[in-house]
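By letter and in written order, the chains are A, B, C, D and E; residue numbering begins at 1 in each of them.
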Amino acid sequence: MTGPVSTAANTPPTALTTGRETVLEVADLGVDIHVDRDWVGIVDGVDLTVRAGETVGLVGESGSGKTVTSLAVMQLLPPNSRVRGSVRLGGRELISLSEGELNRIRGVEMGMIFQEPRRSLNPAFTVGDQVAESVRRHRGADRSKAWDRAVELFELVGIPDARRRASAYPHEFSGGMCQRVMLAMALACEPSLLIADEPTTALDVTVQRQVLSLIGEVQQRLGIGVLLITHDLGVVAEVCDRAAVMYAGRIVEQAPVMELFDAPQHPYTAGLLHAMPDHVRHVERMGVIPGRVPPPHDFPAGCRFHPRCPFAQEPTCTEGEIPLRDVTPGHTARCARLGDLELEDAFYG
Amino acid sequence: MLRFVATRLLTVVPLLLLLTLVVFGLVQIAPGDPAAIIAGPEASPEAVEQIRADLGLDRPVWEQYLSYIGNAVQGDLGTSYTTNEPVTEVIGRALPRTVTIAVFAMLLAVAISLPLGVLAALRRNRLTDRLVTGAAVVALAVPPFVLAALLVNYLALGGLQLFPPTGYEPLSEGFDEWFRFAVLPAIAIATISLAELTRQARGSLIDAMEEDYVRTARAKGLGRWWIVGKHAAKNAAVPYVTVLGLNVGRVVGAAVIVEAIFNIQGFGQLGVDAVLSRDLPTMQGVVLVSGVIVLLVNLAVDISYGYFNPRVRAG
Amino acid sequence: GGGGSDESPAAGAVDDSAVLRAGWTVGPTSLDPHMATAEVVWFRFGMTSIYDRLFTVNAAGEVEGMLVDSWEYTEDGLQLTMTLREDVTFRDGTPLDASAVKLSLDRARTQQSPVVKARMAAVTAVEVPAPYEVRLTLDGPTPAVPYILAENSGFILHPDLVTSGDPATETNGSGAYSVESFTPGESLVLVRDRTDYWDPEAAKIARIEHRAVPDFQAFSNALAAGQIDIGQFQPNNVASIEGRRGLQAVPVPQGISSDLLFNRAVAPMDDLRVRQAINLAIDREAITQALYPGSEPKYQYYREGLQGHDPSLGPIGRDVERAKALLAEAGHPNGVDLGEMLVSTATTAGLLDVVLEQLAEVGIRADAVTVDALQIFPRWAEGRSAALLQFSSTGLEPGAGASTSWGPQLNPAGTTPEFDRILAAAADNRLSQEERNAGYQELNRFLREQAWSSPITWINYPWVMTERLQGFSAEMDYATTLGPYDFRYLSMQADS
Amino acid sequence: MTALAPVSAAARPRVSYRPGRVMRRFLADRVGVTALVVVLILVVIALVSRFWTPVDPTAQELLDRLEGPSSAHWLGTDNVGRDILSRLMRATWTALTSCALAVGLAVAVGVPLGLLAGYAEGFLDGLLGRISDVLMSLPPLLFAVAIVGALGPSLTNAMIAIGVLLMPRFFRLTRISTREVKNEDFVEAARASGTTTMRILGRHVLPNIASPLLIQISFGAAVAIVSESGLSFLGLGAQAPTASWGSMVKEGFDRLAENSWSMYPPAIMIVVTVLVLSLLGDGLRDAVGRQTGGRR
Amino acid sequence: MADTTSATGSAPALTVTGLRKSFPAQRNLLGRVTRTVDAVRGVDFEVRAGETLALVGESGAGKSTVGRLVLRLIDPDAGEVGVLGRDITQLAGRELRAMRGRATMIFQDPYKSLDPRSQIRHSLAEPLIAQGRWGRRGRVERLGELLERVGLAPHYLDRFPYEMSGGQLQRVAVARALATDPELVVCDEPVAALDMSIRSHVINLLRDLQRERNLAYLFVSHDLSLVRVIADRIAVMRRGEIVECRPTAELFADPQHSYTRELLSAIPAAHPRNRTFRAAPAA
């Protein structure tokens, strides 16, 4: 096993975040899903950009629409759904493409890894086969070439004894190893964008560290953009360059990580940060956000967070559309009372 | 894999033993004196006694059981009370008829259910799907004997007379001849299995298509047919093959009635006759052999899991 | 002499190479005529074409010699001397002589067997006084022995087969046919393989295939589809098949009837009035018309035209009131439960329903228990059931028939001294035909008075066959007693 | 901070346990509701036939046998001149009661044994499991024929045979479901708070296996109807004069050439009954959601 | 090498010595066990009244197994478990049941640990019925009080689990665990299945209750940052053994065992400034 060494730790990140071309540009993305004879808006008005070499975090509680957003980017939503807005990958609009055209993009220009690596691998085929398959389909390589490439990829993602392990089945692998396989698969055709949907949620902390470091390493080496979905602000703090906070199907705040952690502008972001266990601050009590995330058919009007927000005011927060406003360049937030709130200590009941 | 097959083979042994016990027990609960049956209606009590002794029926039950098993292992299932032939011979005569028809029926069921099921799964909730699943549900409700009666009435008698209404010709008489006789019984026997397999093919394919790994495959940019044919199919095969195995028993069961209607002196008919005439050794033999066949088929199914699903190979 | 009739429906050129396919509901399970479990099954399933018998029975129910040229009883009726034909040989030229006959008869009467041994019980010794003369010693002056020797007991096997062969799987007889293939319980294929058969009138068909078709509907389907050439039909279904694809139907009044037999040993059947009430409850005319069209209601124990029939015995009409009165008199004013009524699986479809309903209308209830045809007699003999709904055959000779019909197998209650006396007086070979007839008539009246059973219908079986078949009629040997089962004189018309 | 457990586990809807929603979803399923209505109609027909039929179902008009439909006999008469419609109604009673008894027997034996085996595991579980494997490996109808052959043909024995035939289904289902429920946290929680085994079985295990059981009962009933009619067709089930669909089909089939009509009404009844029972099962299954234990 | 002494001087609520448990991992054809997993291999520790001992370690280390052994939901192969002064491994029947009123458990996933078919009322009443110490009327009253104590309105008693959020349910689970006034509560990852905004509610509740009733917690968790906040002492488990057991501050300041160090270094930072895996971004 490769240790959790982070070789890229010394590379100045600024060079990566700026100046590189935009890989993914999501604008005003909306997703409705048909449930019980009704269209329910799950996600709407989502804007996101990912540049080459950059890691963008998408963070939010369960049910906030992170997975749906990522699937919309991949155009992998279930058939009972419809998408609005625009998803441009390397400048090319994906929304209008046919399935055949998408198949030439998925796995080639963008790859994705999922939360439960074991379930996401086909139990009936060897891991090598599943990686080589991608290569064969997209690169037209013959069987043995593709296999060699798979082994090479396994070495890249740090699977020891790669040639032998390539002919093992997923159930013979641990969760962390499976996630490495998934990563190898996603990287098989050297995509420019990698979407990782809670890639480490099911893994042990030590393994999580390895996988996250690995993603970072590969990203540096290949210069790809990463959209990292997580519910864990710790992960965001560790590996992301920028992060977007999602609540009830909308992005409520988006900022470079430093700024997000130092000066959150939206009460929800602040609440989440306060709810992170902190051994210094939380000697007595931990910060809490009252209430719970509403289900999509129950999204309130106005600010969707207002029923839980200690600062909510009528009618400022309860009516109309609240736009995403700029705080500083690159930092936006969707709060009606943006700027006039003292967020520190608001969540210690 | 070899080890896997070997362990699977071994698990069948206790099942076989239990099977013989069930079969033997079945005969023990049967009232009536086998010796009197063999002796015939007009025999004297001494004659009956003599026969009882000859058959060893005066020995304790467990002794009879042990010798039954001992003989069965050597391929001796006793002697038919009615024809005085070795039961193995009687079964050997009847079995091929049923087996050829049953195999035909299963092939029919598989050959039709696979494309239909796949089609329905891929056109889920659309017209094709509704037609296929609707037809399957209805077909599932038609008992083989009703279907057989209809087939006889409309295709064999009536104006059409396409196929002979009764009888059987072995394959050795030529495929055409065999086919003419086998086709109607095979359809009657196959239909329920066909319907169930269609539903299963559809259901397991749909299930497989909803698995996470299919999403992964789509994320890799693989084409729909590739995903269906490779990723979903191999996983969907497990429940399908399971149901296929379970249907072997059903097909043999259906043969019981269908053979009576078509007057095929097959395995089912043999069983019914043996039961009706209290030909206990034959009855035992029929139940035993059919049980063994089904067990072996299920064993094959089990072993096939090893191919379709590498996880089970680990044991 | 042969009983073959030439009054065939259509006469034409005979096809000497014809194949005849016959269907039966049951097939025998071995080829050994002596080991028959049901005589008629073996008899009709080709056995008559393979072996010859000592006697035969014509349509009038009279015994005639077949291998036997002439026969006579001694004065005391205790010995029967038979003189054989001298022109009969087996296939290998071995003459069918008295020693061969003795060998077969001794086997038949001594070998442990389901039926035949018991049937031969009257014969206590077989001697060969001359090369073509056989003398049987009898245990009483019974007239039945020639009749018995007209059935399975009288089949003569090749001496080699008796001494060193296995008659269950091999055959060797003096008939014109030998076995091409045999599958127990299923089929028997016979081929004519000798031209020197002693009766030149016989064996006009080259090949006979017998097949068992147990399911009734399958049977009629097979006939309708031309898969078999001849078969005995159920009376109430013949209308459907007649006239189809060159089929003809020939009704044959066989000596077979549907009867409801009683077990007089158990209550309430031990009461004459209950038995009479049952007799009065049954509507024989309606049953016959509905389920056995073309047949005759059965009111007495011997059929018109055969020995023992008594024209003075009139019909038994249905009389619900009297039946109820009788029941009340017997102490069952609210009706009576008979208990178990056994029914054979071979009983005509619907008969049971009708009988139960008609009994129910006078207040008689019974639990029907269906039992396989092969097991029903042992079950009945156990004596626990009250009644038995079954086919019964009169038998070739009234005396022999009576002792079987009312013997322990079919009559668990046993006989009475009165019955034995009447039977013994009638069944005596020293009497003349007329004297015996009068005796059997008395037996007939006794049974009806005592209501030992409830006769229902004499079945006139329609035989359905291809129009090409010739020589089949109600006047064939055995036709009116056992059934037209001796196929030796049938022939097929050549295709025109 | 990290949380290794998948967060979405809490968000994933567990549809199978929402009683109110199950009912609502079932009622929204038009096919399932129709099937239920037809089943109820059949039950009503069966009950009514105990007291009233258009004509006495046993009354015979021997000379008017095998008639086609007429105003006196809407579905004609059978082989011995009985009213087919009335017999069909009476046969509905026969079918439903024998089906209920067979399924009842199977449930009464299979479920307790399944609970026992599932909860106890170990040797008993292995033995019972193997026995059920063997019973399942016997071709169903042939096995039923053998049991009836051993016991003697009668409707009761046919029901016993079918009950024995169905037993392994209920046994297996209960065993697997019990196993699954047994390992659920809420059962462990109940044990942790000192709840007795009997109470756990009664309050937690049974209610939680109720819906798969109900579904299986529906399918089992369909199997019972098919088997009963098959056995009656062979003459091994209902005995005269009891009216049974299977024997009525057989009677009709035997008279095919004379009267090709009388076979159809009972055949249609069988098909419809089996159809609605399996549709009902399908409907229930869909309403309850994907079930554990239903698939191997 | 595990340090089993506790910091505070109060009486031990739980003393575990030499605890062992292995599970069958593979059986042969005859059902005989051919391979076993040693889930717990000789574990000793103690938890004092009012104290929280956290059990941390990687998945499969045996943490939950220890929790279940402690309450004797499974039988240990060897070792002693002193719960409130009695060896629970020696108890049976009535005594064991009574003990289960005094030492209770909270499970990870409230959706799974509450019977989905029972109303909250029934789930909550279950331990009371099992202990049989409260009459029918007393029970009804007590249920309301319990809910109130965990911050839920009494009308929730008539709800089904699916009608409630995970956080609410976990509070119900806490109420159930406290229903019989226990002295020891085993918490098996009680907040791991909860969303971060809810998690702190439950943690706060647990801490309040502990202070109120001087409860002893055996707190099983993966989450080291959380454990750092709430535990008095931490026992690090690895492959069935406790490799290190020390007061929280000490352990974080000066981890002795290499595995502990590995574990600590894998905790993601709470702020991007303190990154350890990757270079910090520009402010």
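In the analysis below, a contact is a pair of C-beta atoms (placed from the backbone, for glycine too) under 8 Å apart; a residue touches a chain by one contact, two chains touch by 3 or more.
Treat the numbers as computed from the prediction; the structure is a model and nothing was measured.
Chains touching both subunit B and subunit C: D. For the pairs D-E and C-D, the larger set of C-beta contacts lies at D-E. Of all chains, the one whose Cα centroid sits at the greatest distance from that of subunit E is C. The mean-CA centres of subunit D and subunit E are about 46 angstrom from one another, to the nearest whole unit.
Spacing of subunit C relative to subunit D, judged by their CA centroids, is 47 angstrom. Separating the CA-averaged centres of subunit C and subunit E is a span of 89 Å.
Averaged C-alpha coordinates give centres for subunit A and subunit B that are 53 Å from one another. Within subunit C, residues 217, 224, 345 each touch two or more of the remaining chains.
Touching of two or more other chains is recorded for residues 62, 116, 204-205, 208, 231-235, 276-277 of subunit A. Chain contacts: subunit E has residues 59, 195, 222-226, 267-268, 270 touching two or more partner chains.
Residues 29-30, 37, 112-115, 118-119, 168, 183-186, 212-215, 217-219, 221-222, 224-225, 227, 345, 372, 374-375, 377-379, 381, 409 of subunit C are the ones that touch subunit B when the two sit in their complex.
Residues of subunit C that touch subunit D in their complex: 216-217, 220, 224, 236-237, 239-241, 283, 286-287, 289-291, 343, 345, 349-350, 352-354, 356-357, 360, 368-371. Within the complex formed with subunit E, the subunit A residues making contact are 4, 6, 8-14, 17, 61-62, 204-206, 208-209, 212-213, 216, 231-235, 237-241, 256-259, 261-262, 271-272, 274-279, 282-283, 285-289, 292-293. Listing the residues of subunit D that touch subunit B in their complex gives 130-131, 133-143, 145-152, 222, 226, 229-230, 233-234, 246, 249, 253, 256-257, 260, 263, 267, 270-272, 274-275, 278-279, 282, 295-296.
Taken in their complex, subunit D has these residues touching subunit C: 58-60, 62-63, 65, 79-82, 152-154, 235, 239-241, 251, 253-258.
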